[in-house]
Amino acid sequence: MPWLPSLITETPEDGFEVAIKLSRMAVKKTQPDDAARTRMRPDYANNADSLTMVSHVVAANFQTVAQANNYWSE
Amino acid sequence: MPWLPSLITETPEDGFEVAIKLSRMAVKKTQPDDAARTRMRPDYANNADSLTMVSHVVAANFQTVAQANNYWSE
Amino acid sequence: MPWLPSLITETPEDGFEVAIKLSRMAVKKTQPDDAARTRMRPDYANNADSLTMVSHVVAANFQTVAQANNYWSE
Amino acid sequence: MPWLPSLITETPEDGFEVAIKLSRMAVKKTQPDDAARTRMRPDYANNADSLTMVSHVVAANFQTVAQANNYWSE
Amino acid sequence: MPWLPSLITETPEDGFEVAIKLSRMAVKKTQPDDAARTRMRPDYANNADSLTMVSHVVAANFQTVAQANNYWSE
Amino acid sequence: MPWLPSLITETPEDGFEVAIKLSRMAVKKTQPDDAARTRMRPDYANNADSLTMVSHVVAANFQTVAQANNYWSE
């Protein structure tokens, strides 16, 4: 199964999850070693600026997903 | 209740609050430990650049929310 | 009175002021302590990169405000 | 005379100049002291990352100006 | 063959690959020396913030690619 | 001849070159001294994060150029 079958989701929350997945997938494709990524987790999970940076990436991807879904307006 | 039932708000100010919520939720989903996040609060709340970074994330999310609401123009 | 009654302004310059207000308000909502913010002012007001970061946030918010105003055309 | 009478320009190059002006004006409004800004100039003008950051802000503002001008297509 | 024949792709996943390619190509055009880029790989591949920065660039390019493809909606 | 006669290009690749030119021109207009810019080149050309930052600026400008060209779709 493709990891990104579609940008379309039922709800805004589901769209936010897609935005998070996109953010993580770009990291994974740059550093495919699972162990290396796991090792780095405490670095960003316990650093305020790192978390803000992560949130910024999610925001950028959520713009894309939200627009794809026409902002979930009917 | 979903944390993000809709991107649509009555007013620009309410939309700004949604943008803040989106910004924080991405952090929470990356670091779900409430105590860890609370511990980091002084780090960014007392650092000018950290606050600017937070404001940038809110700006990105506000772009999304404002567009979803057609900028609250009738 | 709401701090953000509308994104619509008469002129581009007024829109730029709204963009600045949005940028500052996100900081204020993250660090509501006026004294703390005042204390940090010299940190960013005398640092070139900090000012560039602030300008970036204003640019992001100005995108939103300018679009809301249809770029003040006609 | 207003510093930003309009986002509309004759040419893309003129639009780029407006983007630069917007970027600088946000700095000026955050640090209105001319002497302070002049003092900081060597800090960013001789630092590669600082210049890249400046270029990023100009890019963000140029998005706005270019869209306002419908990309100067007739 | 051109490295970027088109922004149009069959699927969102293929579009994400184009976004990654765009991100890398800008690096390559700034630092064309393959050996130099290879030497730097451990620097960013093992640093959480560096990877987040990379992910942010991919997100920006994915916005472009996704819009080019009308979000892969029919 | 103007350095930016138009945002319109024949192909996506040519558009990417315009995005790179825009990114560099903002640097040049901030630091017009050619020797100074040349001196800084090793600083960013051999630093992974600096190159990622450059790539981010190109991505932002490519958004503008791609939209100007309606993504090169006929």
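Letters A, B, C, D, E and F mark the chains as written, and numbering starts fresh at 1 in each.
Everything that follows uses one rule, which is that a residue touches a chain if its C-beta (ideal position, glycine included) is under 8 Å from a C-beta of that chain, and two chains touch if they have at least 3 such contacts.
Owing to the predicted nature of the structure, the values given are computational and were not obtained by experimental measurement.
A.B. asks: Tell me, which chains sit next to both subunit A and subunit F?
C.D. replies: Output, common partners of subunit A and subunit F: E.
A.B. asks: For subunit B and subunit F, what is the smallest step count along a path of chains that touch one another?
C.D. replies: Contact-graph shortest path, subunit B to subunit F, evaluates to 3.
A.B. asks: Tell me the angle, as a multiple of 5 degrees, of the rotation that maps subunit E onto subunit F over the C-alpha atoms.
C.D. replies: 60
A.B. asks: If every chain is reduced to the average of its C-alpha atoms, which one ends up farthest from subunit E?
C.D. replies: Relative to subunit E, the chain with the farthest C-alpha centre is C.
A.B. asks: Between subunit A and subunit B, what is the separation of their C-alpha centroids in Å?
C.D. replies: 15
A.B. asks: So the centre of each chain is just the mean of its C-alpha atoms; given that, what is the distance between subunit B and subunit D in Å?
C.D. replies: 26
A.B. asks: For subunit A and subunit D, let me know how many angstrom lie between their CA-based centres, rounded off.
C.D. replies: 31
A.B. asks: Check each residue of subunit A and list the ones that touch at least two other chains.
C.D. replies: Residues 44, 49, 53-54, 56, 60, 63, 67 of subunit A each touch two or more of the other chains.
A.B. asks: Is the way these chains touch best called a line, a ring, a star, complete, or other?
C.D. replies: ring
A.B. asks: Which chains make up the ring, listed in order from subunit D with subunit F immediately after it?
C.D. replies: Moving from subunit D on to subunit F and continuing, the chains are D, F, E, A, B, C.
A.B. asks: Looking at the complex, which residues from subunit F come into contact with subunit E?
C.D. replies: 11-13, 16, 19-20, 44-49, 51-56, 58-60, 62-63, 66-67, 71-73
A.B. asks: Can you tell me which positions in subunit F touch subunit D when the two form their complex?
C.D. replies: 2-8, 22-27, 29-31, 36, 40-41, 43-44, 49-50, 53-54, 56-57, 60-61, 63-64, 67-68
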